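Before anything else, here's the structure in question.
Lettered A, B, C and D in written order, each chain numbered from 1.
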Amino acid sequence: MAWTREQMAARAAKELRDGYYVNLGIGIPTLVSNFIPEGIEVNLQSENGMLGMGPFPFEGEEDPDLINAGKQTVSELPSTSYFSSADSFAMVRGGHIDLSILGAMQVAQNGDLANWMIPGKMVKGMGGAMDLVAGVKRVVVVMEHSAKDGPKLLKKCNLPLTGERVVDMVVTDLAVFTIDKHGKDGMALIELADGVTLEEVKANTEAEFRVALKNA
Amino acid sequence: MAWTREQMAARAAKELRDGYYVNLGIGIPTLVSNFIPEGIEVNLQSENGMLGMGPFPFEGEEDPDLINAGKQTVSELPSTSYFSSADSFAMVRGGHIDLSILGAMQVAQNGDLANWMIPGKMVKGMGGAMDLVAGVKRVVVVMEHSAKDGPKLLKKCNLPLTGERVVDMVVTDLAVFTIDKHGKDGMALIELADGVTLEEVKANTEAEFRVALKNA
Amino acid sequence: MNKVYPDAKSALEGILKDGMMIMSGGFGLCGIPETLSDAIRDSGVKNLTFISNNAGVDGIGLSRLLETRQIKKMISSYVGENKLFAQQYLAGELELEFNPQGTLAERIRAGGAGIPAFFTKTGVGTLIAEGKEVREFDGEKYLMERSLFGDIAIVHAWMGDTAGNLVYRKTARNFNPMMATAAKITVAEVEHLVPAGQIDPDHIHTPGIFVKRIVQVGTAKKHIEFRTTRPRTAQAATGVEV
Amino acid sequence: MNKVYPDAKSALEGILKDGMMIMSGGFGLCGIPETLSDAIRDSGVKNLTFISNNAGVDGIGLSRLLETRQIKKMISSYVGENKLFAQQYLAGELELEFNPQGTLAERIRAGGAGIPAFFTKTGVGTLIAEGKEVREFDGEKYLMERSLFGDIAIVHAWMGDTAGNLVYRKTARNFNPMMATAAKITVAEVEHLVPAGQIDPDHIHTPGIFVKRIVQVGTAKKHIEFRTTRPRTAQAATGVEV
């Protein structure tokens, strides 16, 4: 029994704090906004130039001038502001965003992240991913623990990097890990998904990690 | 018989072209706006963050939030826009302003300009002068030909520079000079003020210059 | 000094040349200067380098200049929406330079602001760093990135006035304001054109100094790439997938 | 997450320390956060470094913190209006670092934008270049300038909302927007405070993310440094001296 996509999103949502400014990637990270804990106010940034991103619009209220970074129609909130791409990435690069939650192809035990290209396949581009992982204060990766061809949590990424020593936490369908990306404490397993065993995690993880389970 | 302040301003105003965006310094340069040739539209930039600067306001209409770079109250025009100091100097530094007309203490024959400090005296600061001379497409200096203690048009400035090889033209009460600031043509005398002789200009100028009088 | 042109064709007259570098605003299909890019297509000018975050989608925007093979090179951050792009790139018919989106935005902003180079953390230790100077400041590594400046820029705004002042609408602002500052000649298409003095000067996003030519194009050409909605009966959850 | 404080004193509580670096908005007396700077004076905190384009005029603005000798150092572009400044500086009681105004503005903008250093033509071949790296790009010389980042920033805006969004008025904008981005904690004083949602999101100059604390101060403290007017009978000449 591993976590579902929704459960992974819910776990990542526990990293949110009141007043946080947060950037959510496409896919499972987008689901995190459905699990914002009660009593907590979180402001979503969309790197194409919007702070205070609202939910998808009601049918018939879609506005071609109002989209998120995934090019999906969204809506406005009372706190919303708009700005240019230069100002948006100044905000990102300048460390003003508290938390970025995003997907990944591979994460290494030192915090290296690969999520933008597979050599030999058509490259779509990195978009804003490199800026986000380099600039945002704290980076949480949400991803399936393993790919079809093997582990995604590695000693060293073999895909081209999106960023070097950038990941602080990884939430997978099997477990939650923290990474001391600038220090020497390496990677630590801090939680197991419901019904998942330590052995199962070890068998599916190439990266070296300490076991530091909470309430275990 | 030399030119008056007004005549110097009027001569400098002949450098204006239709559609120009212009930054005027304090003193005689400010007077240039009174001599904008008929049929020509000129937009004044004020480096504290305004494009389309209007005249002084009518008595009783002064607004503390609406001043020029000399901290004087001014007024708005239909074309006016406001922006931050960063955006204002991005405009200046990026070469978007066609012409800057400003005063000077000394100008050298290679285009060096000194107009911000006298060693040993209290220094007020350079304000935006260094940015303007480095960034604006064309720089015209309007100044008295001589100071009490001697010539101001020199072989080499002995006061600390505001900018290196930045002046394109000098209008004084005695004459008009052009400077080939990036090339090798040096300084050229192109006009004499009404009733002023070549000998008089030579006697009051330390800088070396070619004589290239128009209509002479 | 008249800046207003009657149509896109005349607004581009005399300034297009083979081999030139063109900045083109927009993000996805949002805020793209489509009337102007269509007019560039119609002009037949070729071997163009486009600086644009994306390359349109098949049949819309810059993709239409890929169809006619007028584009030699793209400088972009993401081109995943465009099948034609992939074909031409894989066939070696199209050059491509990927920039991280924030680096791209800042290189353009720097180009307009007279800053030839700057340092950024983005891309350190990645393929993007290849051939670039790496330098430490206060113990952290940064890459040196150079500025970008175009021969012309084409931008789309919601409202413009006869002095060239522009106002963008919502997320259609994106790359347009920086691009407007970073080319020898900037041509703006606007949905609404008004006389100077009609826009509150505190609301202007792009001062008129940056805009040499302006043309009113209306609102007909606006597209939605991914139409995502929530039903009216659903509870209002933020960003919920439906 | 409440950002609204009842007065300047409470808005600064717990964040002031001796020896800190403070960004302070404004140009001359226009758009200065005078209520907040007066509250810093009243707090008694000392050995401060202020980054501010000017130093107020005698008796107004930062000059009042010179009176009490709370300022150790100023980073400014022009301090000519201030006699007290001159006295303390000439007596060796005050450190001073002059920056060209545009370089100062850009260093602050870079600080907020995560750019540790950039290159500019401004100041090449002058005293300002001393000790700085000079580098050629495309045959022209540029200076490398470092970014600035404060412990706190105090800014003045015309209108703010409860989410921290700010709108500035006319030339009172000046240094305020960049400074709001370039400090660990930014405190904004606003003339008018409204609930979030009252300001058109396309008109916001400083997004709320940059503002941690906000206080309404009204419009009482606004000064004119040089009151220049034209008589109603005069012809409208641009910038005419009277």
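Just so we're on the same page, a contact is a pair of C-beta atoms (placed from the backbone, for glycine too) under 8 Å apart; a residue touches a chain by one contact, two chains touch by 3 or more.
Note that this is a predicted model, so its numbers are computed, not measured.
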| item | value |
| --- | --- |
| Which of B-C and A-C has more C-beta pairs touching across its chains | A-C |
| Of all other chains, the one whose Cα centre sits farthest from chain C | B |
| Between chain B and chain A, distance of the C-alpha-averaged centres to the nearest whole Å | 55 |
| Centroid spacing, where centroids are CA-atom means, of chain B and chain C in whole angstrom | 36 |
| Mean-CA-position distance for chain D and chain B (Å) | 27 |
| Multi-partner residues of chain C (at least 2 other chains) | 106, 109, 113-115, 120-121, 168-170, 173, 201-202 |
| Multi-partner residues of chain A (each touching 2 or more other chains) | 76, 82-83, 89-90, 92-93, 135 |
| Touch-based graph of the chains, sorted into line, ring, star, complete or other | other |
| Listing of all chain pairs that touch each other, if any do | A-C, A-D, B-C, B-D, C-D |
| Chain C-touching residues of chain D, taken from the complex the two chains share | 106, 110, 113-121, 135, 137-138, 140, 142, 146, 167-170, 173, 201-203 |
| Of chain A, residues touching chain C in the complex | 24, 30-31, 33-34, 36, 44, 46-50, 53-68, 70-74, 76, 82-86, 88-90, 92-93, 112, 122-131, 134-135, 160-165 |
| Complex contact set, residues of chain A against chain D | 18-19, 21, 41, 43, 45, 51-52, 76-83, 89-97, 135 |
| Interface residues, chain C side, partner chain B - complex | 1, 109, 111-115, 161, 163, 165, 181, 195-197, 201-202, 204, 207-210 |
| Residues on chain D engaged by chain B in the complex (per definition of touch) | 27-31, 53, 76-81, 86, 89-90, 98, 100-106, 108-109, 120-128, 158, 168-178, 205, 222-232, 236-242 |
